[in-house]
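Shared between the two complexes below is subunit A, which has subunit B as its partner in the first and subunit C in the second.
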Partner chain A sequence: MSRLLGILLMVLLLYGALLASNFEDAGSIENHRNIARRTGYFGILTLGVGLLIISGGIDLSIGSVVGLSAISFGLLLEKRMSPVLAIVLVLSGTVLIGLFHGLLVTKLRLQPFIVTLCGLFIYRGLAQLAPILNFQALWANLAGFSWDQNILQGSSRDVGIGGRPDLADLRYLASGEVSGVPMILILMIGVATVATVLLHLSVYGRYLYAIGYNEQAARYAGIATDQYKILAYVWCSLMAGVGGVLLLLDLETAQPTAAGGLYELYAITGAVLGGCSLRGGQGMVAGIILGTSVLPLLRNLCIFAGIPSDLEYTVIGLALLLGTVADELLKRRAAARG
Partner chain B sequence: MIPPPPLAASHSRRATPQAAKTARTTVTTLLEVRQVRKHFPGVQALQDVSLTVHVGEVLAVVGENGAGKSTLMKIMAGVQRPDAGEIVLDGQSVRFAGVGDALRQGISLIHQELNLAENLSVAANLFLGRETTWCGPLRFLSNRAMAREARVLMDRVGLDCTPDTLVEDLPPGQRQLVEIAHSLSLKARLLIMDEPTSSLTQTETDRLFQVIAALKSAGVAVVYISHRLAEVKEISDRAVVLRDGRNAGELAKEEIAHDRLVRLMVGRELQQLFQKQHKPGAAAGKPRLEVRELRYAYGAASGTSAPLSLTLKAGEVVGMAGLVGAGRTELAEALFGIRRVTSGDVLVDGRPLTIRHPRQAIAAGLLLVPEDRRHQGLVLEESILHNIGLANLDRLSFLRLVASRRETALAQEMCQRLNVRTPGLNQTVGLLSGGNQQKVVLGKWLARRPQVLIFDEPTRGIDVGAKSEIYQLIDQMAGEGVAILMISSDLEEILGMSDRVLVMHQGRVAGELSHAELTEEAIMHLATGGRAAS
Partner chain C sequence: MKSLRTLGWVLVALALTVLPACNRGPSKPRVGFVSNNTAEFWTIAEEGTKKAADELGVEVVFRRPPNGTAGEQKDIIEDLLTRKVQAIAVSVNDPENQLDFLNRITDRIPLLTQDNDAPASKRLCYVGTDNYEAGKEAGKLVKEALPDGGTIAIFVGKPDPLNARQRRQGVLDELAGEKDAKGPKYGKYTLLDTYYDYVDFKKAKDNAADALTKLRDEPNVCLIGLWQYNPPMILGAVKDAKREGKVKVVGFDEHENTLLGIKDGLIHGTVVQQPYKFGYESVKLMDAIIKGNKSGIPANGLMYIPHITIKKDNVEKFHQDLNKLLGK
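Right after this comes the complex of A and B.
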């Protein structure tokens, strides 16, 4: 609880600094909307990885999954597929990815870091491959057990969904507003509600915390630990998939090499700033959301303060380091007093 | 200081003429602890404790868990500093700045969990941090010189492996010898050993005792902490008993006897501890648990156990004795679904059971109170409420949502029934005492109406008060018709609680003893493979 207050304090400080600064636009509605939009978008990804981190896992492939789902969603739309069906297909794909991670971690006992690091490369590679893959040639080759250069067609290209009026309703989800509030923030609040129920009210959450703290004891208490761990991986990848779909809807175009790049690090940073321990067992939905909002606020502050964007990563890194050091020092003081 | 007569007597009995000569002359005091106090948050660990160690003697320090033995040893070895009191070494008051300081003055503490780098060789461990080197500041290792020196040290403690053997390849008993050799290489005059035999086999223990005897005749003093009173009687020249952080008494060699030690340690008679109410003869009803020809993963990578059969009847407490490593915990793990079962049948109340995961065992009412309470029994970072809830949430939820009110009610009921002493249900389990922790583990299972309850070392690391409460509870459950299998290395407990006893040796049930046949000797005879019980 005290940690949650610490995060709240940090967020309020940043926000106060922004308002107190004498940049005219800093307090504008448009600027608030910008921050809300980024918090909403990254909140979905961070809630995804947050639950996983609480269960003691980690996912480094989030950015690549965002990229791959954005690209494949775009390709399916290019093929004139119904958007709803395309979303269902893409999200099912990300569920399979999560299942794959979870099975490797639980059944083969591989380290989550390694499994998802491999995923980071594999899915990014697939995202780059997908736009230039000729499926008809591929099937023909597979059927005839032959190899034909025609499988790859043309050179790398972006995927776009411009000029499809039937997508207007869906695009509203990603970039619209309800009486001034960005739709994506509302979506994130929806996800947060689901996460709160899962984590704080349901049996699942109880099990995830127990597994994160002490998996062996959880197993001795009769909990099917493997199932719940797999579930956490599926949830994380699914949220990354949602992030991919929203990315394409929002931007109308996605670059195979860049879409979602480094998003896993933003998500993990948000979760850690929000009080999740990478050792597992710790973290709350409220903290995760507050933690997510730190990076957009910081970025915004940098922009207004005229700090060159080349320094953005350095500032993020320093913020995380500072937060971690402060947390550790406070913990020690509490221990010394206790 | 006038040497107490028993000490002189014990010395004169020593075979070596040198030691006999020392005894005839004078007994030299090596180290003296005077009126030491130590306070930890919540506990007064030591209250005016005094102790004297003479050159070339084995002094046993005994006491229940929490009596302050470990704290006293840590203060003697410079790990911790006393709040008050002094330590006198060679007649001079000393203040150790740390372990290194105590080591330089010849005092060496060998921990229960050994401090060895297991991935390095014996020689590398012996010279860790003070390697012999050549070529000046480049500090190339002189492996051959170190191996030579290591050989000499190893011979002194009777280690017959080569100096380049990796420590991880040595059995626990020999690792202990490596630690002793290490202490000797530091010219230790006082060796403090904390429960040195807790993970040793009988042969290894005998070997350790020979080494201790040899050290003694070489003039090294040994302070020996143990729970095993038979050992204390066997090797020590004197015994100091601690109780609740105070001196409870001191016994000379010929005064050391089991019941006297226990009386000093516990402060009351042992019989009070075990009060059996249930009557197994009359109640021993239908078989609750039947195990037929069970084989499970055991020993080497893909090995399986010998087939094992046993039957537990309703309302009986069956003790399971055996040495450490006899395969008792492995059997419990196999029955509970932690360890892979390869063949055989398990029946609870006549119904055959397929167990691949604890939840199947739990569903059938076959429950385990595991050996390692802190890692297997509890989530230490979580509250009492959540720990008890964890094992019962399947029945305390609606649409997978936690029914918090029912959960709280259940935890409340369990804490009252088990007399868990805690400020509240939200107390973090890790902060409770061992006894209260074990009660929480029990609380998890009691709510599930067990049919068969397996206890693995139910009272290890628990104070006497909580022990007797847990015994009462076991007794009460047996009275209610639960079949109980009690795995224990504590022979008193086995003798005091069991209606009959199964003894395991090398993964098999070596024999069964009825209540009438139960003696410590009979158990040890079977546990050591039927060879003459010593």
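Right after this comes the complex of A and C.
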């Protein structure tokens, strides 16, 4: 519990400051719904990377995977593919991405930082490439073992699903509400439940902590470390894929160059604020969710407290740093007292 | 136990800070102005909104999405709605796909589009440049720079945005002397290519350098930059190729280096928009609309802010005025 105290205080403080900035509007139900929706969205990504960080891994490609998923999902919908099939395809793709990362990290023993950093570039590049790929020409080339058709056509463009009433039901997932509670928050709670069962209520969770705390010891204890590490990468990329699908459904538009940009940093920051140690072996689902809410709260505060746009990043960075320092000091005090 | 007590104190302290805030009530009309990125262009627009705010006694909430993404912009607009702005002016990110979202705004408050329009939405009015006409103006500059014709190349960030398409077509139509001109010959001018850099400045410069290499044996060359950073990047490449003065450059917008280039005689001219007036007129119009006076909205819903051509003869004064606005 003491490990959650720091982040709990920080969230409460931010929340108090937000209400103090402008009680009438900031305290309105509408604003709470907005914050809940944003926390719900980033919560899914943060829970994804949180479990991975606990197992001692890291994923810098989250934002690019979000972007690539959003763009591919949009392109499939443009081709009038059934939305369910499109979602299944996109999410399967992200599972493959996670598997790819996991295999490179475990079997080739590459550093997760560099593997996923390369991923960051590759998937962003693919997101930019996807809108101009002419699949018919590509298949024709492949079928004829030739290279005579031009597979790139046009130039990169935004992908969108505006003006598609047939997708209204699906969009409900990202922007709908159930008796006033944003659907996306409910989705996040679903993900959090799965994560809690995995992490706190099953033996797999113990294994993840053990691997993150001391991988060698875990291996000597007979845990199939590679298998669980790969699982953590797959989980993280899958959540990023879910994030991409939801991003397109929510915004109805995605820019190949920008969609999902920096989201990996938001997710990692949220997880670390929430008590995950980048050294692995530490972290809880409740903390991750609290940590996630810090950034949406801070941004909301900037607007309601009238902090100029130019100061926003500085304020956010300093607040995060202060929170981290306070949290660290609290933890040390708790540890010193035993 | 100790920690619980600390928590209790923090909560009490929070409650105390919250209470006084309840007394604040709305006094002035409040309007929002949201850009689509953080370019310096918007600093000038912000000055215009401030001027109107002072004159009319309006509170303007001016916000820029730090990374220029549709997601950030949406969050900002939602927060401004919650903050009860009574009207809002937005530079739209993706006019075709964000209709639902834009129309959800218009369900609640009057919406103006500025800088980038969404004509299919229920916005009341667009405030901004007529980019096709601005393009034709740039075309005239090209004709002045290369009166006997020659080879041109066009440089811009992206192919898709409406302003990029309109500016490009305006330039080409002016050169061809007809509407919807299709190349590759436009009157006495040949278009080498249109280069896109996806707002990567380095790529923008490399594009210009590549074009210069292709055109190394051409005597009459004019390079045209359609977005704010394009003319300086073109000029950089021209200087690297040691062809400054020989290769003509025509541009858009008022980048510092573009203005300096005009002063040095290395850039023939630039067509500038008036973001200051975007800000000023938007706030003025929103204030009138809030007060129930919609007579300021043109019948076609398009309030065009005239563009200005800057050449060697008027660059000095323009630059001074601009620096004053930017507080330099």
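Observations on the model:
Quick note on the criterion: the second predicted complex is superposed on the first by the 317 of 338 C-alpha atoms of A that agree within 3 Å, B and C clash if a C-alpha of one lies under 4 Å from a C-alpha of the other, contacts with A are read in each partner's own complex, and residues count from 1 in each chain.
Quick note on the criterion: contacts are C-beta pairs under 8 Å (C-beta built on N, C-alpha and C of every residue); 3 or more make two chains touch, one makes a residue touch a chain.
All figures in this text were calculated on a predicted structure; none of them were measured in a lab.
When both complexes are overlaid on subunit A, subunit B and subunit C end up sitting side by side without clashing. Touch criterion met: A:Leu13 reaches subunit C, while subunit B stays clear of it.
Between the C-alpha centres of subunit B and subunit C, as viewed from that of subunit A, the superposed structures give an angle of 130°, to the nearest 10. Of the two partner chains placed around the shared chain by superposition, subunit C is the only one that A:Glu252 touches, whereas subunit B remains out of contact.
Once the two structures are superposed, subunit B and subunit C can be ranked by residues of subunit A touched, with C on top.
Contact with subunit C, but none with subunit B, is seen for A:Arg38 once the two complexes are overlaid on the shared chain.
Residue contacts after overlaying the shared chain place A:Asn22 against subunit C, while subunit B stays out of touching range. Once the two complexes are overlaid on the shared chain, A:Thr46 sits clear of subunit B and of subunit C alike. Of the two partner chains placed around the shared chain by superposition, subunit C is the only one that A:Arg157 touches, whereas subunit B remains out of contact. Between subunit B and subunit C, the minimal CA-CA distance in the chain A superposition rounds to 20 Å. Contacts from subunit A toward subunit B in the complex involve residues 197, 201-204, 206-207, 209-210, 213-214, 216-224, 281, 338. If you check the complex, the residues on subunit B that touch subunit A are 41, 336, 338, 357-359, 361-363, 368, 370, 375-382, 386, 389-391, 393-394, 397, 400-402, 444.
Residues 3, 6-7, 10-11, 13-15, 17-18, 21-22, 24, 38, 61-64, 66-71, 74-76, 78-84, 93-94, 96-101, 158-160, 196, 198-199 of subunit C are the ones touching subunit A in the complex. Residues 2, 5, 8-9, 12-13, 15-17, 19-26, 28, 30-31, 34, 38, 128, 155-158, 160-163, 247, 250-255, 257-259, 261-262, 299-300, 303-304, 306, 309, 312-313 of subunit A are the ones that touch subunit C when the two sit in their complex.
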